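The following blocks contain the structures, represented as structure tokens.
After this come two complexes, each holding subunit A, first together with subunit B and then together with subunit C.
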Partner chain A sequence: MAETTAIEVNIKKLNRYKRIKKTIPYWLILPALLFVVGVLWYSVLYGIGMSFFRIDLALPDTPFVGLENFFNLFGEERFIHSFQRSLIFVGGSVGLGLLLSFAFAQGLYKVRTFAGSFRGLALVPYLVSGVATAIMFRFLFSRTVGFVNQFLVTLGLERIEFLGEPSWAMLVIILANTWFIVPFSTLILLGGMQALDPDLFEVALVEGASKLTILFRIIIPLIKPMIGISMIWLTFASFNMFDVVLPLTAGGPGRATEVLALYMYRLGFDFLRFSDGAVVMTVILLLNIITSVFYLRVFKSEV
Partner chain B sequence: MKRGRDRLYWIPLVILVVWTIFPLLWGVSSSFKTYADIYRVPPSIIPPDPEIRAYQVVLTSRGFSTYVFNSTFLALTSSFIAVACSILAAYGFARFKFRLSTVLFLLILIPRIIPRASLIIPLFQMWATVGLLDSYAALIVSYTATAIPFNTMVLTGFFRGVPPALEDAASIDGASIWQRIRYIMIPMSIPAIITVSVMSLREAWNEFPFVLALTTSTRMRTLPYQLFMLRDAMGIEDWPVVLAFTALTIAPILGFYIIFQKRVTSGLVSGAIK
Partner chain C sequence: MKKILVVFMVVAFLLPAAVVGAQTTVNVWFGREEFIPADAFETFHAENPDIRVEFDVIPLEESHVDYMRNHAVGIAPDIVQIFHEFTATMVVRGTLLDITEYIEAWAEEDPEDFADIYDIAFTLTTYEDGIYGINIHSAPYYMGYRKDWLAEAGLAEPQTWEELLDACRVLQAEVLTGDQFAYSQPGGAHHPPFWMTATFMSMGGQFRDTGTPIIDSEAGIALIDFYQTLANEGLQDPEAHAWASGDFRGAFMGDRAAFFPEAINIFAYTKDVLDYATEWEVMVQPPRAGAEDDFVVNTFGWPYMVNSDTENPEAVMKVLRYLFDPDIVSDVALRYQPANRASVLTSEAYYEAHPYFPILEEAHGQQIPYPVHLRSVERADILNEMKYVAQQVPAQYTPEEIAARYQKLLDALD
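Up next, the complex of A and B:
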């Protein structure tokens, strides 16, 4: 009799232990979850919510206005302008960035001497801050002290006001941005290339395929998903680029380089138009989602 | 096969080296030039009359030690908390089967793609509501939160690859969850932990939009913020000083990277592909 009770007690203990054990993973995840939900999810959802209310410091309350903020802002010349600036900026950065990262990845894939050092070097811009990148490029393209202009003068050419003329300024922020974001997409493409089977190239070479054929018929189709991912990364980083642009041109000259992220900052912190800033934030998030869905469709692996 | 004959791949590599190094090299070399030599044409990469005046100016400038302290303190605390939370979460995801695991995993991972700069307006509102604008707490919590998604992803992947046999043995011997993490999982995962630590440190050390939006007083500034402000503070720019400041903000993270390069690169490659 006493023996059965002992067993029962043990079974009870075991059951309780099992119940506690079930909750263990939740406890482990809780701290991380609190941070991510409390800060990131909360502010994203709160920001999207803000875009549906009129938040005006001069008004006592904040009435719900539905999509009115969106329509108002879409009708504003400055919004349209900065939307266009963003498209040019993103288009330029993704184009140049993809070209460079593909070339770099090919070089890094093939090199055997100092391969590690080259790969390490390729990553260096990823460690430099956006502000520092901006300062270095502002210096490089400055009218008087910039290397590029001093070089032009040495060649007997005229100085160019890189940061004083709209299209040049756009080119400079695209270059600086590309310098800043290319390392990561290079790594993505390099990873894709290293996953390929080298025998494939040998067979193709034996069959008499040229280098270009191998590149366009084998390498590119096989790493298509990786190209898609690196384009997503380049687009994301550019659409949301703030660190490089503000210290480099501050949106100038005039508003020639006022991309969406910068415009959003201005709306919120210079003009205190918080709900309009939140509208731009929502637009930026939507653009990110749309572009990534688009790329994922286009570059879906067909293999 | 005949890789040796194909030397064309050196072209992109040369472009890579010039493209990557030149802006840095030009900046660092100019930080050692005299104020007048900065304007000299034709330009020379090697300073004709090198001096360390700019570095002396920066190092003795008012508030510089505060900015160094702020940057270091924020980077270390937020990275430590982020890595600690991520280790626990990753262990939960890698070693337990539970009902909500996929949902929770996505809940933590998806914000990785939320751009930091886009959050500044709601974040500002949030920290203003709780009265913590212009405080270390607001910055540390915000930095920690942005670092967790990437860390958790990388660590979960790595933990799943660690064979569970050792832990099974330990748990038969009565080791608690905590002991299994502390004495088995962490020592087995040092490379991945170094990777996510360096990534978190880099992220916090270089952070700009949050510190710009969430702080107002000079004593709260970090190095990137002060670097940004240097432009306005001086009227005519003393470029060697600005560049010396830039070099000093880049140097520590670059030093870290050179020490842990192999681990960081391989960790990043795996992180980039997932």
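Up next, the complex of A and C:
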């Protein structure tokens, strides 16, 4: 009887130990979780809360107005224009960015000599600050002293007003943004490619598959989840992009490159209409959530 | 012995705390590093051991927002330097202290010192009868031009905006080649429209009591017409409407522009690049022909404003008076922005540092501030868009149409 009790006690202890052991990972991630909740979620929730009040530093009171800020802003021509500009900007950046990321990832995957150095170099644009990127692109595309126009003149071509003409200016900010955000998505795709079993390619080659077949039938289907994550990154980095656009075009010429993130900054920190800025923040947040969910569903692994 | 040691230690620990406790701390936010006194308040601390000045640099572009946000949670500095156009918003939010009584006490206590100060030091910080700070530094936009190129074309210094445009046409046709253009100015997206409103004011532009510019007036239409002419007659770089301030300054300093509307702090750099009086010269922005009586010398200031919650207004005033002290302010004026003190601006040292100042001196004494507005940034935003539309090639609207359209938007702010 005593023996049975001792065994039961030991089993209980063991179970308790197992239970505690199971909770250890949760305890370990708790500090990070608290940090994210405290810093990020607090700001986000507070921002969403602000959008239901009229917080305008030119006015003395901050009354609760419900959804009025949303209705007012959605009716503003400038918001709609900015929304449209954002869609073009994000669409262009994601399309071009994904194409380049894939090409760079393939290149880096194939490189064997100095592979580590090349991978490190590929990250450089991401490590350069957005402001520096903007200044660099401004110098590149300036009409008078820009490198690109000097090159065009050397070829006997006409100069292009890259920063002065609305469509060209949009292209320039897409290029600058792509240059800035592509390295990280390249790494995501490269990580996916490196996880693939090289034997698959050898078998495919033996079976007579062409390189394009390998790409479209093996590589892309197998790294679909990575493509999804890469697109999530490219999309949310573009929707949130502000620090390249402000010094590069400041939303100009006119309002041709005034994307949502920039408009949000203008509303909040220039016009001092904090609650309207919070409405745009909420819109950007929703766009990011919707596109992320969409990508995760579309690019779900089928393997 | 032990007791003495204990007492000594207690005194040693408590004494510094008592000294610190007796000290008043005044926090200052400067808008640019260049405004900080060269001695970093060393002399002030020696003269006022009971006051400790702690300072930081918060760029003028964001200082008013950061200040109001900090004020809301009770951690704003005692003194903040801002673009003067935000005064109205900050007063309405109850963030600034009316220091009129301290200014009056200063005038009474030291009338000689007070007489040395230009009125603009206080008129620019006045809003609805209260004085909320001191405008130690402010500066109008003048005009720099290529004296050598005008001479080459046989042109004299233009006396009106119309003459200036004529001079631009002649220069463009007869003297300038390649990437050289007659006029250089910034576009709208990167900056507030200070350069444009300065021109508007010199053209005789008027403002409503709220600070809204009256664009659908003769001066406003002339202003729009001026920008349309520059763009449509090819008198400025085709990309000028997208330029930042560095681009248009670089164009003048890099031999690519004949005129540029600028202020004294930029002239200080210009003279290091181009030979003053031989290659380039300065002038006061001219009046509009027929509107000479309406001409005013615009000015923009970077005043030091006082926190409404400051616990030590007397200490704050001591710091402000120190910043405005002739010796201290002279150093800033020599290397950066002019100070609103007659003794500083009429000193030999100032003339030597800014050799063009004698030409501008009379105008400098007549500064009229660009009016404040409760929604000054939105006002700026509308004016920038108006200027962009005015510079479209080919012109899509008449100046009258543009004026009417943007006047409506401006009036909606009131």
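In this text, the second predicted complex is superposed on the first by the 260 of 303 C-alpha atoms of A that agree within 3 Å, B and C clash if a C-alpha of one lies under 4 Å from a C-alpha of the other, contacts with A are read in each partner's own complex, and residues count from 1 in each chain.
The rule is simple: a residue touches a chain if its C-beta (ideal position, glycine included) is under 8 Å from a C-beta of that chain, and two chains touch if they have at least 3 such contacts.
It should be emphasised that the depicted structure is a prediction, and the values quoted were computed from it without experimental measurement.
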Combined model on subunit A where subunit B meets subunit C, clash or fit: clash
Partner chain(s) touched by A:Thr249 [first = subunit B, second = subunit C, both, neither]: second
Which superposed partner A:Thr144 touches (first subunit B, second subunit C, both, neither): both
Which superposed partner A:Arg119 touches (first subunit B, second subunit C, both, neither): first
First (subunit B), second (subunit C), both or neither touched by A:Gly107: first
Partner chain(s) touched by A:Arg297 [first = subunit B, second = subunit C, both, neither]: neither
Greater subunit A contact set [subunit C / subunit B]: B
Partner chain in contact with A:Phe269 - subunit B first, subunit C second, else both or neither: both
Shared subunit A contacts, counted only where both subunit B and subunit C touch the same residue: 142, 144, 269
Interface residues, subunit A side, partner subunit B - complex: 22, 24-29, 31-33, 35-44, 46-47, 50, 100, 103-104, 106-112, 116, 118-133, 135-137, 139-140, 142, 144-145, 147, 150-151, 153-154, 179, 184, 187-188, 190-192, 201-202, 205, 211, 226, 229, 236, 239-243, 246-247, 261, 264-265, 268-269, 274, 277-278, 281, 284-285, 288, 292
Complex contacts: residues of subunit C adjacent to subunit A: 62, 65, 68, 89, 92-94, 179, 187-190, 237-242, 244, 247, 251, 256, 374-375, 377-378, 381, 385, 388-389
Subunit B residues within the subunit A interface of the complex: 1, 3, 6, 8-13, 15-17, 19-21, 23-24, 26-27, 30, 38-43, 82, 84-86, 88-89, 91-93, 95-96, 98, 100-101, 104, 107-108, 111, 113-126, 141-142, 144-146, 148-149, 152, 177, 202, 205-209, 213, 224-225, 227-228, 231, 239, 242-243, 246, 249-250, 253-254, 257-258, 261-262, 264-265, 268-269, 272-273
Residue ranges of subunit A touching subunit C (in the complex, touch as defined): 57-60, 142-144, 161, 163-164, 169, 249-255, 266, 269-272
